[in-house]
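Can you keep this structure in mind? I'll have questions shortly.
Chain IDs A, B, C and D follow the sequence of writing; residue 1 opens each chain.
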């Protein structure tokens, strides 16, 4: 951490800051510049409240050197984490495709979807049984019945089941059916939930909150890792910006950035990231081109009759064409898309 | 809802959309313009998935007429909701002030804070016992011990206790000590938690999520109201924008906007809304000037040694001066600040 | 500037960076931390391209200590700048009110507006003669004819004329009629225009660009100041965020922030900052409460027939009531509102 | 346009709105819903100030059906516009690559860059002679001398010269050297400049403003088209969001969106869109994968000594590798990258 003093701060104020730094067990290094004095702090200040130095007499601002996350850091573990469950492989040069409807709606719907996405090349099946919905009046999911149908679809197709868990009380129930536990964007900072999935032995897909910074995203992953569960994949699903022609803004530069900071695999969600089915296929192609570790795509037998997210779901036919284009790109750049 | 067809859409496509509208029990009204056809939908479409019409052949976009929230709406209940607990009164021309430390740290700290904020004119005491922290390595609060200290401070000062609940399992515990249950910004869309506080008989302060739209904010309130708890106050605490000189951007126009849509009272949080103690006092004054129903302010005996949020906490002295300025403004414009 | 090396950077890389720092005439200070090496740079690096150090071998990131603006800085000139023209006084404890229509539309309209806003207490008259419009098909202003009508209104009422100049070629023309030259938000980084008004002898009102950071805003002012014109006032008119219920998001914390960094006065534009006339009055009150140096408000004899910005213009009656409330607040907190 | 009345609006208010619609030469269609009355307006309301209806008695909000741009619209011209100058071809299945330094710094620098980017496969040469810089103290470009060096580089290599023009007075000068006139993001709404390049006979590359909506972007293009210059390409260069790990956020879904609305070609700028050279290559790949019509990339012989934008410039070697990857993707998906 670097503590920058105000131009009019006295020498005493800087020395007082230095003393407070020492009191935390860290080593201060006073540098008297031409216009400003700064206190450079040596030592691991990750677990200190660094910003409180702002309240000290004469302090202008506090600059951070060390990121707060540690287990998630590439500096801690330089080898990429690879997640494998059933035929789904995410990371280490493997591009895993998870596809299926937003919500499980019926046996027929989920089975038809599972068969179609498997035929097109997906190895994971998505489908919501517990649905976080913006309105209390919207369809909230089939709950355990939906999980059973997902498991049945796995039975038949071999696809890994990826489904959301919304609250700590449901973690055991969901884990008994799911292969990958999804934490939704709205729950990225639901810390009790993060800790609960951190204690379970299933891989976790952590979605980025709509206004989460990269550090907040990695610290949310750190909550899970810190409980002992190392099987975490990050999912970039778009951020909230002033754009209204897309539901969210999908920043694909996140992939290269995250890969420069963490060993955890990164999956893209072009469906929520754009919100309109006509924008999804090209963003699937781009997800492959930037060498993400996978993608999760909403596909529905009849989007115009879907119980949720109809506007952003692909038909079977469009998904198949999209997968063909993705495979061409993967082949061209040496990424394994099973 | 208004469904806008593409310019090249056929008449049949528009008629097919109209049929689907009828199938939902609503009445379609086809309007053939010079360049576009639109289908105006008559009836209450609040509980329908309106966006799925986007997936129909020939549809360009869907425009919404009716907001999805209903119980929260001013159209449903034109009289302002007023919340009273101990001496704290929020709404109906009363400007209630809740103040205190970010976290409860010790008996001495919370008692000193309670006395100081009461002396300055606050009627509610804030203090976190269960703390949502971005990093798993930060101080997570004193938990039940903290709640007990808050209750002791109420005992002595008569201040209403306002404290956060983070997860459904803790609702009963927190409700047994608190006078107002706070839902933090990170949990604004934690629906199981919203439902749980919706079933309890304590007033709820719902903080706006950092990237929540106004409709999402009011729908989150609707989750609580829909469970039967009508004692809900909204808290504007700032949104995430590109600004970095403030922690969040605090949009005070929210007050007039919300008051044109809902009967629920609106409280401002200038501490989180700015993130820097030197910016807090003027935003407190502005909160009074826009006729919010109250404010919640972080105050600490020694901000530079606070265990959390030191950078944005006011000292007792600055808080007292801030309250004096607020009172002058309240008096000038006819708002009751006790 | 602080140059942070990557954890895996070699000592040679840090020393190479230090040599490059010396080559710029600055003094490097190498600090070897437990995990990272940083190079603290001593000297005035304001006029160097600091970010290019990012391209050096082994560098992780570059942190800035000194703001790039200098003439605008409070460190350079601690006394507040006060701008006076005709009866309009902005700054130094004076809250100046500029009001009038978005566009000058006719002699009758501008004269009626001038009389009404003067009666309500404004000392400046706004009115666009050259109008920047998003669409090429919208009304583009009455041009010089509009300027003449503004001057006639000044003749009768004594109000100072505030009007926009859009391009360098028009600076002399506009300056021959205007008392304050307005630079619109879209032109905040139109550097040739900034330099042109920097060479003229009229006060300038510089509006913040919709996505400008505070540093960019102050550097735009620096362009004007650097040409010799010291009569610059800053206008916060709202930033673009994800909010759609307001046209822009108006962050009033800008006032306290700017006053901690610059001596230039700060004026608020609640009309563009909200975009809806029902949100304007409370934001006017708040502008006074935060002790801005003035405000600029759109007022029109008949907003529903305005040629531009009808949705955000106040009627004469609402403006008068708004001014009464503002005056009460100004009186209460010791601000001079003439 | 759809004018939505408030729930409590009287029938008379709706009828008054309808009369005002008729007065504009448009046809109103009153629809009385269960909760709200709406006035659907038939006819071309593009050139009307639609929002002023908000100021009419009883009006809640105004919804837009028709986009304001017309010449730029795909509905007006369904065939894609293709831009050709020297060997550079942008659009119609051709992916044109423009590369070179941020600023022209010397004959040696620009010639070396031109040779390198041509060898790697670029057909256009970028290089700033007039540089818009955030700080008045930064290098502002070599001006006409820089244009001459660009022309000399074209002479030798055959690359088309792409360079920025900042102010109307310079349009003739720049046009006498350049093959493509670039309008920078800061000037996207500098309407006098747009009109000036609209009158010249050179192709124009219009960069999206950092906070421009898609409609504002297309309307800025409309200003140019409306003057008679049909050779306009759009450049997505990233938007300002809360993200700080990238300089801007680059939303590649813009390509599919724009192609669904306009015939104008779309070029991506991954350099400004990310701001860090390590993030540029994968976003170049993605630009090809989403089938943009081209890209513009900053390349410098020695980024760590560049006079501007060193942090985001690629070395020759990295650019060459990036082009190889791009070519593989282009080949795989049938895009022509010369």
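Simple rule for what comes next: a residue touches a chain if its C-beta (ideal position, glycine included) is under 8 Å from a C-beta of that chain, and two chains touch if they have at least 3 such contacts.
The chain list, named the UniProt way, goes like this: A, B, C, D = Phospho-2-dehydro-3-deoxyheptonate aldolase.
Everything numeric here is computed off the predicted structure, so don't read it as measured data.
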- Please work out which of C-D and A-C is bridged by more C-beta pairs in contact, and write that pair. C-D
- Task: Just grab the chain with the largest centre-to-centre distance to chain D, centres being mean Cα coordinates.
- Result: B
- Note on the structure: In whole angstrom, the CA-centroid distance of chain B from chain C equals 30
- So, what's the distance in Å between the C-alpha centres of chain C and chain A? 38
- Note on the structure: Cα centre of chain C to Cα centre of chain D, whole Å, reads 26
- Item | Shared interface positions of chain C, touching two or more other chains | 211, 239-242, 244
- Message: Per the contact definition, I'd like the list of chain B residues that touch chain C in the complex.
- Response: 211, 213-214, 239, 241-246, 249-253, 255-257, 260, 273-274, 278-279, 281-283, 285-286, 288-291, 325, 328-329, 331-333
- Message: Under the definition above, what is the set of chain A residues touching chain C in their complex?
- Response: 2, 4, 7-8, 29, 31, 33-36, 38, 40, 42-44, 63, 65-66, 75, 240-242, 244
- Item | Parts of chain C lying in touch with chain D, wherever the complex brings them together | 20, 46-47, 49, 51-56, 62, 68-69, 132-139, 166-169, 186-187, 189-193, 209-211, 215-216, 219, 222-223, 226, 239-240, 276-277, 303-311, 313
